[in-house]
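Heads up, the thing below is written out as structure tokens.
Think of it as A, B and C in the order they're written, each chain with its own count starting at 1.
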């Protein structure tokens, strides 16, 4: 049975959406047991055609994930090893979610403070924060977040681009569910190709455009696309009335 | 006569600004006739020294451009061709506006909803959306826009960086006109060099700085620059009083 | 004696923070004397282990720095030299602050208007603006700022990402001081490694992650980190109560 035998995670699969609740008292410390389960989870999801979207939340209203276990960090070598040429365990675990052909959504509720406290304890963000944050919020704000080591409330985090959206408590759940199920209704090939193409925005523009063109050609060639494109026309796509609000039509396409 | 013989576009040139109104009923569908005219327009503008700024708007209050014609997409090969090493027709048409030494402004009015509906119909954005959006709004929000396929109202689109500004209806027209005429009053060489330099921000920082330094040297060497720099000093530039508000002086420089 | 003999700058070092006030009447023109002092200052700071943070402000409520001296620009060659393969004086001076293992904060007060007026006088931003701005605010907004040459009030500048934060006058000073002293209390090695890692976000993601992993290993191997990590655990880190608000603990770590 899939997704069985996890002790730090509660997992439920429903219509293409895997709901993963982190439940590792008392503070969802990112310790070895939790890391091993997140690693195993990533490997399972990566190979599971029934999952298009993963939604992470926390069973603990005070903590989403506290931080990495400092005892583990203290066990790392006191002399730095040479620079590696492939990702080691921790990076590989988190980057698998970035590169897999499925989407992850973090639903952060409760005490919604975000921060990068690493520099305050003498280290640096080592879970990809120094790479993700400058790309999300620009270098100047990333420097403030990473070097300032201060808490960011949700509304400021949204303005900085740290998170996509800061929503009122009663809107967060419905928003995430609606988005997750909506995406899960789309063609898995289109999701995979769109995500792969977006990740080519790392490249110089001209190279990225050539990648996009190829991913577009691959998407157009799928059976899912041809079926949906034809249905789109049959259902009145490209007429004035239907185009005024494409959402109902999009919902019908996913049926 | 320039800009004649277009049937989907109404075109008017005034003091360096080319106003292009898309008028292709019933929904400004991006079909072959419209694509061919946009392609031809780009080629004309690129070579026209009288144009510094292009302003696009729509004659249809419900649609700026609906989307690409699905019938055209259905005619694309059912087996994806190999990855190309140069831009094909569609990308070349849109990217010409990015790389030409002139500025484009889209004035989007009326039913102001933005979205990327492609994934909902089984394909992916193929007009450069997967490359532009992550650079404008960061990867996480670009994934939400492209995979969520939902409508974005203007104020949210502004917060995400999808658009530069969401303005009230009565302010949009004057803002765009003022900006367009203002830019059109500046030296075409400076516009071209500044735009080229900004597009080098695609490169690693150090390479980008070397490009900027060279573009700066080229700008300084133009007659337009030397004339304006001298006039700037003559008109009181670098004095306390004039520097407090440089806008009137900037306006005099462009005369 | 360090930081002596400056005539355009007032300099004060306090607990790791170097406060630099630009005082070059009448308009803080970026002329040769000011450039030479900023250049000299950068070289001094770079080598000074007692400085972790540099805070720039202005003695003039009307001007932070007006702009580069147009007389200097007019002395540049009327024929552009070939593209250089290393940074020349001006770029080297400003980029030293980007690459040094210390943080710079600009505290801009008084008449808070930001703009890039260069294109209006026929040249282009040559102090790295065409490289920094697209990375901070995205290409479309950078084009508007650089080609529009218009003033940006503080709140709009914040929305665009031109500045980190627009704060009310009475909050700006305390905010900057608190942030500067807070960072200055952290381990200089961690500051240096975190900043270096953030600047690798220029690289493709995978390369950036490998750099981050190595910088993390280097940070973990420092005495400062091992001492702070152990103290973090001794002071109750990783317990529910202490983790609810890590700021007091972070303050104790820096003592």
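Basically, contacts are C-beta pairs under 8 Å (C-beta built on N, C-alpha and C of every residue); 3 or more make two chains touch, one makes a residue touch a chain.
Please read these numbers as outputs of a predicted model, since none were measured by experiment.
J.: How would the subunit A/subunit B interface be labelled, same or different, where same requires over half of its residue numbers to be shared?
T.: Copies use mostly different positions to touch.
J.: With a Cα-based fit, what is the angle in degrees between subunit B and its identical partner subunit C, given to the nearest 5?
T.: The C-alpha superposition of subunit B onto subunit C needs 120 degrees.
J.: Could you grab the centroid distance between subunit A and subunit B? Build each centroid from C-alpha atoms only and quote it in angstrom.
T.: Distance between chain centres, rounded to whole Å: 31 Å.
J.: Residues touching two or more other chains, restricted to subunit A: which are they?
T.: 135, 137, 199
J.: Subunit B touches which residues of subunit A in the complex?
T.: 103, 132, 135-137, 158, 161, 163-164, 179, 182-183, 186-187, 189-191, 193-195, 197-201, 204-206, 208-222, 224-230, 232-233, 237-240, 243-244, 246-247, 250, 253-254
J.: Subunit C touches which residues of subunit A in the complex?
T.: Against subunit C, subunit A makes touches at 26-27, 29, 62-63, 66, 69-71, 73-74, 76-81, 83-88, 91, 95, 98, 111, 115, 117-126, 128, 130-131, 133-135, 137-144, 146-151, 159, 199, 202-203.
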